[in-house]
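Shared between the two complexes below is subunit A, which has subunit B as its partner in the first and subunit C in the second.
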Partner chain A sequence: MSQSDTAEIVARCHVLYEDLNFTAARKWKDAEPGRKVIGYMPVYVPREIIHAVGMLPLGILGGGDQLEVIHGDAYYQSYICRIPRSTIELGVSGRLDFVDGMLFPSICDVIRNLSGMWKMMFPGVYSKYFDVPQTYEDDVGGTFYENELTELLHDLEELAGRKVSEDDLRRSIEVYNRNRQVVRQLYALRAQKPWQVPAAEVYLVLRAGLVLPVEEHTDLVEQYLAAAESEDRPLRDNCRVILTGMFCEQPPLNLIKSLELSGCYVVDDDLMLVTRWLTDDVPTAGDPLHNLSQAFLHHSESTAAKYEPNPEEKGQYLVRAVRRTGAEGVIFASPSFCDPALLDRPMLQNVLKEAGIPFIAFKYAENSGQMQPIREQAGTFADSIKLWSAA
Partner chain B sequence: MKITTSPAQSKEVLKDASMLKQKEMMAKHYDRLTNAEPNDNKVASTFVPGNLNELIMCFDLVNNLPEVNAIQSGLRRKSGAYVMEAEKAGHSEDVCTYVKSDIGMMAKGNIGPNGKKLPNPDVLLLSYTGCFTFMKWFELLREQYNCETIFLQTPYMADGKITPNMIQYMVKQLKEDVIPKLERVSGVKFDIDRLREYLKKSAEAEDDLVYILQSAKNKPSPIDAYFGGIYYIGPIFGAFRGTDDAIEYYRFLREEVDERLAAGLGPVTPDGPMGKEKYRLVVEGPPNYTNFRQFWKMFYEEGAVVVASSYTKVGGTYDFGFRHDPDRPIETLAEYCLGVYTNRSLPMRVEMLSNYVNDYQADGLLVNSIKSCNSFSAGQLLIMREVEKRTGKPAAFIETDLVDPRYFSAANVKNRLESYFQMVEQKRSGVKKEVAA
Partner chain C sequence: MTLSAGIDVGTGAVKAAIFKVEDGREEWLARSTLRIRQRDPMQLAEEAFNETLEKASLRIDDLDYIATTGEGEAIPFHTGHFYSMTSHARGAIYLNENATAVLDCGALHGRAIVTDKRGKVLGYKMTSQCASGSGQFLENIARYLGIAQDEIGKLSVQADEPETVSSICAVLAETDVINMVSRGITAPNILKGIHLSMASRLARLLKSIGVTDNLVMVTGGLALDKGLIAALGEELAKMKGVEAEVTSHPDSIYAGAIGAALWGAFRYEILVASGQLLKAS
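What follows is the complex of A and B.
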């Protein structure tokens, strides 16, 4: 494939990214009568279940830096992060009027309370706070979670007016396994050759998966992989960093671009974790809800929104990611006022200090405009890493 | 204890009975804590919402509550320096100041309100109810203390109901994880009858607490259910639920309230008995502790009394009928945790506050929005508008912080309160005009 293929794919993703009217999802819904769309917020929901019921899972990640928030600010004090207010804005301004249900996963107090606000503001729309276990024993947290999954399935069946068989669920698990495989390949390729796979492109390609049907997105990632690999891009003298703390409110695209421009190759990140939350294929034989639950308990990503039961394990995932990807440093970038990310950060930093891994930290908002300070900070960090490794 | 005195003395002395009792209880408790090591007592740190004091006592553990320590630091004006200390050590300016006050206090030697060093906990009982910060807070403490950490997850009451799955999950955690680990740490075998005994005592004190809080339905209200209420909830939300001390404290308090009711008196403030009751308010949100008296004064000087508050439900919501039930000892612990205010969905909170405005014949709702508390604050603006809509009574909004003095602007709060009282007046005269017309 030629370079124009990469550019073409990325351009398509960019259009999807900028489209706050969700035209693609609207088209999908209109294509057949009776189709339904279920919106969900970060950080993880079992999209397989939504898919099995024949609905489109639609990732809602706030308004970015394009959306003018007019109504949303009236719902939130200045010291609360931005994603809930821009999400409210999307709702109040009618941009989500085609969405038949909303899922608010258990991630923090803000999203938790937003679930109740949604119920009051949009009483005609199905909305659910999706609780997940923070204890990981099979017969304790596992049983609780399986029951929660069953409840979600029943709710969605009712909404869809159809029953789902275990085979339907298995098929959907299979489809998502396939998607996770190509996303893993994408991350592996970037860790290996970050100059071939710029972070901003990975971001856009991944982000497209939040609005497209999963099958279509898997094809898209495959096409991008093939195009990116065959492309000839110059290798710069950048240092390799892991970007962490951005699992919820998204940084502006410019921020990701700025990091690369200031001399950092991003080799791993925690953006849009829903696409990589389950770290292995989910088995398709046996009880599908049990399998999803097992995967959640035993094969899922670590993030600040989760409790780490084993003190020795705290933050080790980050050290492992550094080793796995050959990163030379970690950049903590978190939304302002984000409790989970900012409370977790000192603990993670202690682990990195212990492991001798350099790091820097800053905050952003989804609509941050000023990239100069971030560019300077990242540039200085990249320089110091180079000096440090040369010494 | 019924104190018999001459009528002239009676008010003063009776007021003192509960206050003295509480003082003595707190002093004894902090002494027990700070002497835990020499006395070979083991210590459990835990949170106020969802605290399992009855269970903790079954294992002879002394209950240490970091939130209460932070409140004490706030009241003693030490929290500001502690928060700064934590920020210097790398904690974000954006996060909950309770956590930073606690961490800063540790860094400065962990000195308790009695001037002695607080003990290191032997176990962190993370009863994770209604606030995600708790989870990170105890991970942070675990990093410092390196001790056993027990995790009890309380599912969120998002749909306004407690489902069997929620209860089963909590009961299983309690039976299979929490209790065995507490046995291991303490070396004490679990005795369910001992738990039942404590639960019975809890329920007795809870009855009196509800009576006291609901006495504010009277006009004038004999209590202030926010500023005064904070003292009233101290024993039962802290380390005393399930004890004879708590029973006695609430009995004294109830007698005092009855006396005031009979005499048609309003609440007692730090400056003595309150003047004429002019405004009756419902308050949502925690108070500010660094300028607590100054804050309260802005209310009682204007004749404003708080007749109901959500904050006095964070350590347990009892006014809708829940009592700890000795006949279902484990399930009742689960139901208790599930029902605390911060574990209730936003629609439940709106309903509760609207009902308070109506049932307590309040003039309106005042929201004290706490900068560092997402659990309370995210959604309060909608709560405010909804309650206003449902009750037809005006609502207003002030902003402070729990224990960070940098976010308490007296002039600002005072201004907003004054305009709010004007709003109430206008509403009243509007209503009068309507009635007259």
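What follows is the complex of A and C.
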């Protein structure tokens, strides 16, 4: 494949990224009568279940930096993060009028409140606060989560007007296993050759997966992988960093580009975490809901978005990620007022300090427009790593 | 032996420098400056770089590291990029090994930096206002007064009764200057007033990052403005607890490019020593 293939793929993803009317999802829905679309907020929802019912899971990641929030500001305090306000704006402006249901995973109180607001604002739309376990013991969190999955499946079956077999679920699990495999390959390639796979491109390619059918997205990632591997891009003397704290409200694309321009190769991140939440293939033999539950409990990503019951283990995932990817530092970048990211940050920073891993931290909003301070922080961080890390 | 280039893309000019570093000896082989004047900075950067290569009788493949600084991170053929503070600190030490503070006065920003003897940045601050502490502002004033830029400093040091410029906003200060002209204030007194106003803000910036008895090297495009250097000395002398000395160098405008080239060479040697050979692309 040639360079234009990469550019073409990324350009297509960019169009999907900028499209706040979700034209691709609308087209999918209109292609056959009776099709339904289920929206979901970050961070984690079992998309396999939505897929098994024959619906399109649609990631809703707020309005980004292109949407002016007018109505949304009336629903939340001004200091709250921006994603709930811009999501309300998407809803009341009719941009989500084709969405048949919304799932609000239990990431924080703000998103919990949004699920209630959605019920009141759009009474005709199926709306669910999707709870996930905080206890990782099979007979406690596991049982709870299986019940939650069963309830979701039951609700969606009712909405679809059809029953789903265990084989349907197994097929969907297989489809998502394949998607997670190619996404893992993409992350592995970037950790190995970050100059070949720029972070902004990885972001756009993954983000496309939140609006496209999963099968189409898997093909797209495979095409991008082939194109990126064959492309000849210059290796720069950049430092290698891990980005963390960006799992819910998304940074503007310019922020990711600015970090790279400042001399940082991003070798790992927690963007688009829903695409990598489960770290291994989910077994297809046996009870599919039980398997999904077990995967969540025992084979899911460690992150600030997930409760860690063992104090000894707190933050060690970051240290391991640094070792695994050969990163030289960590950038904590979180949305303003992001409880899960910002409350964990001091604990994670202490772990890095003890491990002798350099880090910096800043906050953003999805519509942050001024990149100079971020470029300054990231640029001087990169300089200090490159020039003084051995001193 | 390491051959490295530094390209500093500023707001007003592009500067390029090539160095040879061997056994700790730094030899400056060639330099080039091009004013931007509404031209494409990336194209100018390439022109300045090619001109420097030609002067040094080198080809791009001869270079071990091409470092960019300032706004030069998008230059496609660079090996690595260093932030302006990092480059200016190193460039200042090259120009005067006794410098422990740097004041980078460019067309758009003023930056105060405290550095150690190796050129490691220990702290820095930038002007928070937009253009009022900058070369662009002075250029505008020179245009209103109908004088050439290189006359600014010479006229400023001739002032006998500097007129105070009250505003820190470039737009309002320009209104001040128009009023002064209509009141018949002489160009030297207007220019000195502006220099003192800029110097007062820059001196506060230096003090805020802990400058006390440091040797302050002024770098960037305004470093050769004698009027500003004199005004800085006066303003620093007024500050309690500050006994800093201000100096500049005829090559101060190249400080960013020099620093980038020298850090590039330093970095190249680290990469070679660690087995990560990275040839300039």
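In the analysis below, the second predicted complex is superposed on the first by the 388 of 391 C-alpha atoms of A that agree within 3 Å, B and C clash if a C-alpha of one lies under 4 Å from a C-alpha of the other, contacts with A are read in each partner's own complex, and residues count from 1 in each chain.
As a convention for this text, a contact is a pair of C-beta atoms (placed from the backbone, for glycine too) under 8 Å apart; a residue touches a chain by one contact, two chains touch by 3 or more.
Bear in mind the structure is a predicted one, so any value in this text is a computation, not a measurement.
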Fit-or-clash call for subunit B and subunit C when the two complexes are aligned on subunit A: fit
Which superposed partner A:Tyr79 touches (first subunit B, second subunit C, both, neither): first
Which of subunit B and subunit C A:Asn238 touches, first, second, both or neither: second
If touched residues of subunit A are counted for subunit B and for subunit C, the larger one: B
Which of subunit B and subunit C A:Gln349 touches, first, second, both or neither: first
Subunit B versus subunit C as contact partner of A:Asn113, first or second or both or neither: first
First (subunit B), second (subunit C), both or neither touched by A:Asp383: second
Vertex subunit A angle, Cα centres of subunit C and subunit B, expressed to the nearest 10 degrees: 100
Which of subunit B and subunit C A:Ser262 touches, first, second, both or neither: second
Minimum C-alpha spacing, chains overlaid - subunit B and subunit C, in Å: 19
Overlap of subunit C and subunit B interfaces on subunit A (superposed complexes): none
Subunit A-facing residues of subunit B, complex: 89-92, 94-96, 99, 128, 131-133, 135-137, 139-140, 142-143, 146, 149, 151, 153, 155-156, 158-159, 165, 168-169, 172-173, 176-177, 345-350, 369, 371-372, 374-375, 377-382, 386, 399
Residue ranges of subunit C touching subunit A (in the complex, touch as defined): 65, 73-74, 76-83, 85-86, 120-121, 263, 266-267, 270-271, 278, 281
Touching residues on subunit A, where the partner in the complex is subunit C: 234-238, 261-263, 376, 379-380, 382-383, 386-388, 390-391
In the complex, subunit A residues that touch subunit B: 74-77, 79-80, 84, 106-110, 112-117, 119-121, 128-129, 131, 133-135, 137, 139-141, 143-144, 147-148, 151, 304-305, 307-309, 311, 314, 336-340, 342-347, 349-350, 363
